[in-house]
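Per-chain numbering from 1; labels A, B, C and D assigned in written order.
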Amino acid sequence: MTRTITRRFLLVSAAVVSTTIGAGSMTTVNAAETIKLGIVAPMSGPNARYGGFSMHGAELAVKDINDAGGINGMKIELFNADSQGTPVEGVSATRRLIDQDEVSFIIGDVSSSVTLAMQPVAEDAEVLLLNAASSNPKITYQAGVGGFKWTYRNYPTDENRALVVAKYAAEQRGFTKFAVLSVDSDYGRSAVTFTKKYLPDFKGEILSEDYYKEGEVDFRSVLAKIRDNGAQAIIMYGLADTTPIIARQILELGLAGKVTLIGNGEFNTEKTIKAAPKAMEGAIEAAAWLPQYDSPASKAFVEKFTAAYNEAPNNHAYVHWDTVNLLAQAIKEAGSADKEAVREALSKIKYKSPVGDVTFDDHNQARLPMILLQIENGKPSIKGAYTAEIQYPAN
Amino acid sequence: MFSTLLEQVVNGIVTGSVYAIVAVGMTMIFGVLRAINFAHGEYYMLGTFGAWFATDYLGLSYEASIVVGVLSTVVVAYVVGQLVMRRMVGAPAESGVLATLGVALILQNTVIFVFGGGYKFFSGGYIEPVSILGFTLAEQRIIILVVCLLVFVGLELMVTYSRLGMAMRAVSQNVECCGVVGIDVPQVVLRTFVLGAALAALSGVLTAPVNVSVYGGMGELITFKTLPIIIMGGLGNVRGTFVAAMILGIAESLVATYIGLQYRDTVGFATLILMLMWRPHGLFSTQARF
Amino acid sequence: MNAHLPILEIKNLSKSYGAVKAVNDVSMHINRGEIAGLIGPNGSGKSTFFDCSTGLARPDTGKVVLDGQDITGWSLNRIAREGRMLRSFQKTVTFKALDVEENLIIAGQMFTFPTLASTFGLGKLSRSRIAALRERARELIKMAGLWDVRHQPAGNLSGGQQKLIQFASMLMPEPKLILLDEPMAGINPKIIERVVDTIQYANKSLGVSFLVIEHNIDVVTSICQRVVVLDQGAKLVEGLPHDIIQDQRVREAYLGG
Amino acid sequence: MSLTDTAPQARRRDLRIPLAAILVVAALAAPFIGTRYVTHSLIIALIFMLPAHGLNLLVGYTGLLSLAQAAFFGIGAYTAGLLAVHYDTPFYVNLLAAGLVSGLLALPLGIPALRLRATSFVMCTLGFVIIGQAIAKNWISVTRGDMGLSGIPKPYFELGPLSFTVTGTTSFYYLALAVAALGTLAAWAIVRSPAGRNMVAIRENETLAESLGVPTWRYKLIVFMISAAFAGVGGSLYAHYLTVVSPLTFQMYYSTTMLIIVLGGGAGMISGTVFGSLLFVGLTEALRVAPEVRMIAYGFCLLVLVFWFKKGFAPLINRFWNAIGGSK
């Protein structure tokens, strides 16, 4: 008994030690010729439903760039690290990418609180952190001139989005009575906060305010309340996979056509609309991108992604794909993969994304065009693209 | 005013039915094993995934997908039951927590690994609204309600009259004595476990059409919803679980309507804690009343 | 403390469980230095009476006075700690995973460190007091004949040995009074002798008073100076052991019960 | 080959002191041996060691299985974070406040919870985590809700002329090491005191302990508070290290992590918890070599732990420790 247990113990500890050390010694030989890029995203647990798309988007972009001969002859080597959507794991993942894999560039994370915890780590190691999916305004409040020199965000902030949607809904559709049904996260909450800031300008009022937790599936109670309070539109800054659930329940309660969804949450994808066409009709969304966007680059992306992964890309897939391309162009313009040079290049970049030109302000926040669309006859119809300067609070 | 209240109560009952079918399996497993199954929601997820796979990949009808979803879960549950649950007879509570958490991690992340982490859309089922009592419900919800009642009537009968049912009662009363009277305890645990997992899967398949979104992590939320129910229902108590599920369903509905949707997930545990302060031994007797 | 007063006095104790009157208006006392017996057929309320007197259950009515102090409503641990009245349980219980010495040290601890803070090592330096505790534990282990197994986990020992651990444990805090619930149940005759010896040693040399519930009539007659008989929750008779066993009512109670 | 029967009897020497010395030196030199990633992993292990010690007192010594640890961890993290952000208080103030607030809040929570038995108690403690998260999300005026508290300043000490700020991973490692060492010492002092023995008595047999004068109810309550205070102190380190505290701090994942550390290391042993936190962090980090199957592998490790190492690694550590102890 003693012997076997001790042996087992030794075996297990040997295995743990050797994998740790083994992982540590995996430094690549031709470091000069590859660009090391790390992706931090939730890949296990409930949040994996966002991380999976992020990873695929980035993979696709890297593959295309490498197939085309790389950037100035340098290939991109992609490392992925699981954040599980928790700050501790996210920081561990980041640390590992920086110290073990020796990456110079990191794209991540989806969850804002993870990104916020990653920022000081990247800053400390002087590694370029590109965020492509967190919307917490703080991330860029404290970046660039706000402090963190190495954080950039290629994702729209909620303020611009909220303004565009509120303005269109009020001025073009004449809505004045609104109900809030958004996700209970920094994204949902801050978008609604900004909406509240602008609504009075358009004589709009909010009749009820509800936030749902991630994974919520039962909206009947809230929708019944909205039916009874007579709101004309539901302000919904939600999660992509919740939109079809809400749409179906709008249908179920006989609210289709009586109340309109406005906000953001992949209202425009074919599957969402198909889930409840009558409920989605007339919905207004401000999106950074949509699969039907009519540009060759965007169409090519959708096609390639669908072919490679057997499912249509979503917004997370796109933003990560786009951010890899953005980084590639910055490296090309810098003429080298030197972090410092790439950072300089990024600040001055004028990147042509599939939806328009992207530049960065002094807080390292991308000025992104926001596409406003309306669902008409079961198809998204683009009503315009808006870019606005972000106003930063005085520190 | 009254009609809103009535509508919310009905909503709550429908939600409660879903919880009840999942929770009853969990509570029966507790009855025979004295262990909380933190992986129980994963069988709900597996059932949904099986059905999604059947409709999306195999192109089967929704009815056929129910069978595929439940059967595939039964197979997985049988393997887990053989390898893990059977061996947990008489293990301390801590081991139960860790082992079932391990199983949850394995099941959840294997599905993510195989099918990809992204969410899927479930198409199929009967989602057209019908009108009753002046408000509308999807047909599927009526199916859920009916199935829930059938399940509980069936369980009552099974527990009272079938051999497995009697063995389950015996095991939950006293594990030591079962060995003496020739009841194979691990076998009873295994069968109860597979039955419980199948019920969870059934609940998953039935709700898939109205819940639409299918993804690997969906089981965790259901586990958390059912945990307070099984405690309130009196661990191992089938009827108590039914009542507790209905109470929670209705309470959630009312909280979502009159207080705010953001507090909905807290209702279960808040109700549980309040109830435990009032009656530390639960609303119903823990003496397994199968 | 008046030496003439009984060490324990129980007045008009009653306890019901639902409609069942488990103990109905029972009074009794134990004199200082006495070994008293409590007998009665099964279900006569002996255990309930015990539980109510020792704080494990709360009596509905009645009063428990220990050494002149009213201890009615005190908790089990407070009665043990502050009243120095200890009790055993019908089922032999020890701290199974701990060795014999630890078992005894735990038994003495709350009397050496009566405040909670002092057990955490706050206040006066406690090392010498722990050493004294260990010393006393070793003496009692020797007396109980457990010296050779003192470093064995209690759970590994035989039922009889565990019973001895239990007795030795109860002597650790220098108790005034010990209540024994069927100390001879399920142990072999050799150990019975040993237990009897231990009880008598504690009574004579350490001055501990006893109240013993016991079914073994031989033991009762040999050690008890006075016996109380309970039947159906009420006191039937009280008297000298050999008078009691001849009492017609007692015989009827046992046979008819 | 087993360690117990290698060295011949006559030549056995007590290797415990040299080994302990090596371990101390290794702990002190760690940041200079490994990369910063290793240092970071060690910091995480040290941060989790504190709540794990608290949980060990509760589960391992007193026999109360609790999942509330993440709730007190979160309370501690928010307390330290709020103090640091709003009042810019020195580190030790935040740390003590975090421990105090968590410990004191455990009193009103523990009184109803500890009346419950077994499973109900476990679920009640899990409820604290769920409700804690809801409060952190919805009490926006204080916690900033989902926005979380970010930009928590680096820990600084204000000791007259000796004022300094802890910057960089290496310095933080020493800070965490010092706090964890003090925590370990405190836990050790508790379990070695008569109170520790009383806790074990409660674990072994509550009624018997009660009959021997142990005020079990008060002990359970005090241990629950102490364990919460440990979690709170861990939370303050967490807040300062990650610089961000969000409602996500209240999640069952952290509670189970702490439970895995305690049970994996070996419940009812201080060295088990120390070893457990290193093992746990080592394992989760080692599994990063295969991100896709990482959590699957982790799940299997849990099963291995439950079925093959029922008592965790503590018995092995004990045996090893005695084996190198030499002959008497």
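Keep in mind that, in the parts below, a residue touches a chain if its C-beta (ideal position, glycine included) is under 8 Å from a C-beta of that chain, and two chains touch if they have at least 3 such contacts.
Chain labels with UniProt names: A = ABC transporter substrate-binding protein; B, D = Branched-chain amino acid ABC transporter permease; C = ABC transporter ATP-binding protein.
Since the model is a prediction, treat every value here as computed from it, not as a measurement.
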- Message: Just to be sure I understand: going only through chains that touch, what's the smallest number of steps from subunit A to subunit D?
- Response: 1
- Looking at the contacts, which chains touch subunit A and subunit C alike? D
- When you average C-alpha coordinates per chain, which one falls nearest the overall C-alpha average? Tell me, please. D
- Query: What chain lies farthest away from subunit D once each centre is taken as the mean of the Cα atoms?
  - Reply: C
- Message: Quick check: how many Å separate the C-alpha centres of subunit B and subunit D?
- Response: 33
- Query: Which whole number of Å gives the spacing of the CA centres of subunit B and subunit C?
  - Reply: 49
- In whole angstrom, how far does the Cα centroid of subunit C sit from the Cα centroid of subunit D? 41
- Out of subunit B, which residues touch more than one other chain, so two or more? 108-109, 262, 265
- Query: Do you know which subunit C residues sit against two or more other chains?
  - Reply: none
- Message: Two-or-more-chain contact residues of subunit A, please, as numbers and ranges.
- Response: 43-45, 184
- Touching pairs of chains, which are they? A-B, A-D, B-D, C-D
- Task: Enumerate the contact residues on subunit C facing subunit D in the complex.
- Result: 54, 56, 75-78, 80-81, 86-89, 93-98, 102, 105-107, 109-113, 116, 118-121, 126, 130, 169-170, 173
- Query: Can you list the subunit B residues touching subunit A in their complex?
  - Reply: 4, 7-8, 11, 15, 108-109, 112, 116-119, 121, 123, 127, 129, 131, 135-138, 207, 210-213, 215-218, 220-221, 252-254, 256-257, 260-262, 264-265
- Task: Show which residues of subunit B lie in contact with subunit D when the two form their complex.
- Result: 30, 36, 84, 87, 91, 93-95, 97-99, 101-106, 108-110, 113, 224, 227-228, 231, 235, 262-263, 265-266, 268-270, 272-273, 276-277, 280-282
- Seen from subunit A, its contact residues with subunit D in the complex are 2-3, 5-9, 16-17, 19-20, 22-24, 43-45, 80-82, 84-88, 91-93, 95-96, 98-100, 111-113, 116-117, 119-120, 124-125, 136, 138, 142, 184-186, 188-190
- Message: Considering only the defined contacts, which subunit A positions touch subunit B in the complex?
- Response: 42-53, 56, 181, 184, 209-213, 215-222, 224-225, 228, 240-242, 244-245, 248-249, 251-254, 271, 274-275, 309, 311, 314
